[in-house]
Structure formats: C-alpha cells, structure tokens
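Read through the structures below before going on.
One chain, subunit A, appears in both complexes that follow, with subunit B as partner in the first and subunit C in the second.
Right, the complex of A and B next:
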C-alpha cells in the first residue's frame, strides 16, 4: 500500500485512529503559557522571600553561652589572644588596643574564611591569604578584598576574668 | 508592522523581561537565605519587598500582554 492517497497528501497510518495524540502539538508551549508559568514562579519566589523575612523576624536565636576567655592581665597593651566562641568550631581573637580596651572579633576573614592575625604595630587585623586589612578598633574592613566587617564578640570583665557574652554579626 | 507581528515581538520582549526579573528574584532568595542562616537579619525585609515589587512588575507585564492578546483576537473576529 502506498503512504500517499490519490491526491498526493500524506495518509494517516492505521494506528492513528487508536492513538490520536500528536506529541509535537501536545508538547507545544506558547509564549503566553510560558509567560504565565514564569509569573507563577515569580509569585512563588516572592512568597519564599516573604517567608524567609517572617522567619527572620519572629524566630529568636537562642542566647549564646558565657565563656571565660582569659585573665585580663594575660593580655598586655598591643597584645592578643585566641579563643573559640560560641562553639569550639568558631575561632576568635581578642586584642588589647593602645587605649587599653579589650576588643574581640571572629578570626574568620569575611572574604574567604582564612584566619586573621593581629598586627599591633598597625593596630589592625590582617588576613595573609589575600591581604585583607581590618580595623582592630571595630573590625571594619580598611583595605584589600573584604567588604564586610568582622563579627564582633561582646565582652565583659568580672574581676580579672574576661568573659565573652555575645556576638554581633 | 502588522498587529500580529507586534504581538509576537511584544510577547517575546515581555517573556525576556520576566526571565531577567525571575533570575534576580532567585538570587534574592539565595542571598536572603544565606543572610538568615548567618544571622544578618537586617537585609531580609528589604529583600522581600524587592522581590514583591518584581512579582508585581511581572504580573503587570503579563496582564498587559494578555489584554493585548485579547484585543487582537477580538479584532480578528
């Protein structure tokens, strides 16, 4: 049998009567449908962002523990000491500035997470990996690739003991 | 340019614009999630507002395109 009828047009195969679905047409998506689908995705993303904002607003972080860092006399002017806060996986550094005040920061560089070191002569915290410089007074970036400040560890002093009591991101 | 061609161009432009805004929204969600997990909560509300504005723009564009489409169909009839 020929696939063409008498007028030359392609003839439907016999199974077409039992399976009339045309995949090409069935899978065809118009731009209108695509735009509707994309706008639905946009709505879902906006809702997701709203949920994240709501979670951030209503969920309170658990209070951080109080951890004794060192004796105050153990850190001289221009000196520094390392400790871990709030967990053993969070390295931090406490420095005593030229004004005698103790200030503590996360030791993790906000650029690519290398450990910063204290440079007393320049009163700064320095990241040797990519030469990032942070102020030892408030932890803000002053030179190099980092653009976010180092998280600040809140300190208090009881007697001779220096105690970490919180963290400000 | 014929109205039908105008409609095709309009729909393509609107789809492209919606895709661009959608990509920015995806980035906003990932940035907001990262900020939430790192405790930096100050950016969450602005991110949600920006995302809502982008959704409103997308919705407006879609509404405009569908309205244009309906008008074209009515004219063709």
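Right, the complex of A and C next:
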C-alpha cells in the first residue's frame, strides 16, 4: 500500500518522495554509512598492501640453476652473444664492454617485450621496435619509451667457462 | 487461503513471561525484549497483556521520524529503527498510539518489535508466538483463527476521527466490530460526588489523569 492512497489523508508533500516510508523506495545513503564504507574500505586496502609486502619480504624465490654460456669466453671486446637463461623461453644477451668485462642482460625490452640488439659503436643495447636505448654497462634506460632497466644476469667465470648463476630484476 | 497473520488474545494471557524471555534470546537484539508485557490494573488483578508492534498500515512512528529511520517493507512490516540513522529523539515513542517503540538510553537508539523479520520473512513464526503456552499470541492464517477461536479478530482502531488499521489482529468478543479507543475516555465529567464532596480519583481513569493538569 502506497503512502498516497490512505483514505481521507491529504496528498503527500513533495519532500516525502525523497524520504519515503516504504523501504523499497528508499535510496538515500547517509553520511555515516558513507564514512563507514570509506573507513573500512581504506583499512581493507591498507591491510591487503601490508600482507602483500610481508609475503614479498619473507618469501624467498628458489635459487636459479647454473648454466654455462657456450663460447662466451671467446667474445672479443665490443662483441656479443645470445643465450637463454634461466629457461629456454628467456632470451638473454651477453656483451663484452670496452673495459673487457662480460655483462649479461635479459634480451626482452622492458617497454613492450621486443628483443634488444647490441650496438657496440654506442656501447648500448637498442630496441628497434620503438627506439628504446639501454646502457650496455648496467642495463639502465637511456632514451626512448622504456623506463625500467633490463634485468641483469649475474655471471661468474671458472677457468675458461662463463656461467650464469642468477638474475636481478 | 489467507496469508499468515499475528493475533493477540489478551484474555488468554497468563503472564508467564515466556514471550519476553524468548524475545530476549534473539541474536538480533540479545538481552533486550521487544515485546512488552503490561500489567493491567495491578492493584486489583493479575491480568497481563502482551504488546507487540501492531504494524500500522500508515505507521505514525515513521511519519514523525525526523531522521528517516523507520521503514515499512512491502509485506507490511514496520521495521525497527535503522541504526545509522536513528538519532534517539523519541518522537516515535511519543507518537505511537500503542506505546510500542522504546528509547534505549544505553545505545541512544529506539528499538521496537519487527515481527521477527528474519524469521517471518522466511515463513517461520515469530519467537513470542512460538513459545506462548496459552496461544495468547498466535501466528496463523485468518481461516485457522476463525475455526479455532470464538472471538472476532479486529485490526481497526478509532481514536476520535483518526482511524488506524494494523497488520496485527486483536481478538475481541464476537459482537465488537471496531474499537473506539476515544470512547473509553470521557473528558468533562463532573468530579463532584455526593453531598458536595469531590469524587475520589480513580487511578485507572485516563480522563481523571488528563484533567488533573
């Protein structure tokens, strides 16, 4: 039964439409309800972030395998070679810098995942898709769209064998 | 087949307080009874009268609420005050012609009977009607009530020109059709008794109480 068909009752004032007696017609959200929602929602978000941070801090990723990079020791200064690490689906590039040191990086551009190539004359890694430039010394972006550095592959040398032992994202 | 309705039969009430205890046990308002067991003329009789919310068709408690806290659902049940809205002003307490809403100072809110909405909305009986041993409170269909009871169930109350229709029925003697509440109170009676002595006050006469002021 609506509020308006009560026998003999005067017609309802216009404000009654905003504050109806019938539950189904009521769509008003009180300030207190909104404040409660915002407070609890913020608390939930903060707690969720804390949990994610804690998991990231305490969980240790399993150690990566050691993989020998074939022919890496024979790379001349300014030269480079491709390899895969830690799995066959992860292309990487190892370069010998002007100082004679070997450095290895992921070959996947941090912008849109194209493969980067080595440009010895500029001592940089170059992504041809959108002209992204990375330093060949530490993998940091120099120019172009990428804003994150290339993941660095940790290397070690045993005798004349160059071995990939880890990855720093 | 008529729908389920609540019937109060005051003459059957034995004052056992089972309804009050059952109501208090409900988890939605633990420890506070929403049903009032009134004593009637306590000086002269042990008669008691249970009072649940009558669930008016046009709930005056909701009409006078300045905080928009009392709502009526489509099945005709007038709900208790909405917690985030009730400001504890007691307008409804003063306005209700049946004296149902009560103000609880400890939580600064009004609470009243909502016909055990969690139960009745899923087809169960209200707690009080479930436990009442004399069935002074019953939750059944109008047909069943007519078969089992001699009295007439009425749900129309006249307060002078104001007519209040309720969802809850009250059993009255068969001859009565509507209930003229204002007829019980006759103002302007001569209070002079015999031989110039004032008639002694009757503590149960509402008119006497009203004219005192």
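One rule holds in what follows: the second predicted complex is superposed on the first by the 139 of 169 C-alpha atoms of A that agree within 3 Å, B and C clash if a C-alpha of one lies under 4 Å from a C-alpha of the other, contacts with A are read in each partner's own complex, and residues count from 1 in each chain.
FYI, contacts are C-beta pairs under 8 Å (C-beta built on N, C-alpha and C of every residue); 3 or more make two chains touch, one makes a residue touch a chain.
On a predicted model such as this, the values are computed, not experimentally measured, just so you know.
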Contacts of A:100 with subunit B and subunit C, given as first, second, both or neither: neither
Which of subunit B and subunit C A:13 touches, first, second, both or neither: neither
First (subunit B), second (subunit C), both or neither touched by A:23: second
Touching partner for A:159 - first (subunit B), second (subunit C), both, neither: neither
Touching partner for A:36 - first (subunit B), second (subunit C), both, neither: both
Touching partner for A:62 - first (subunit B), second (subunit C), both, neither: neither
If touched residues of subunit A are counted for subunit B and for subunit C, the larger one: B
Common ground on subunit A, meaning residues reached by subunit C in one complex and by subunit B in the other: 32, 36
Complex contacts: residues of subunit A adjacent to subunit C: 1, 3, 6-7, 9, 19, 21-24, 26, 28, 30, 32-33, 36
Subunit B contact footprint on subunit A (complex, rising order): 31-32, 34-36, 38-39, 41-43, 45-46, 48-50, 52-53, 55-57, 61, 167, 169
In the complex, subunit B residues that touch subunit A: 8, 11-12, 14-15, 18-19, 21-22, 25-26, 28-29, 32-33, 35-36, 38-41, 44-45, 47-48, 51-52, 54-55, 58-59, 61-62, 65-66, 69
Subunit C residues within the subunit A interface of the complex: 57-59, 62-63, 68, 70-74, 76, 79, 84-85, 163
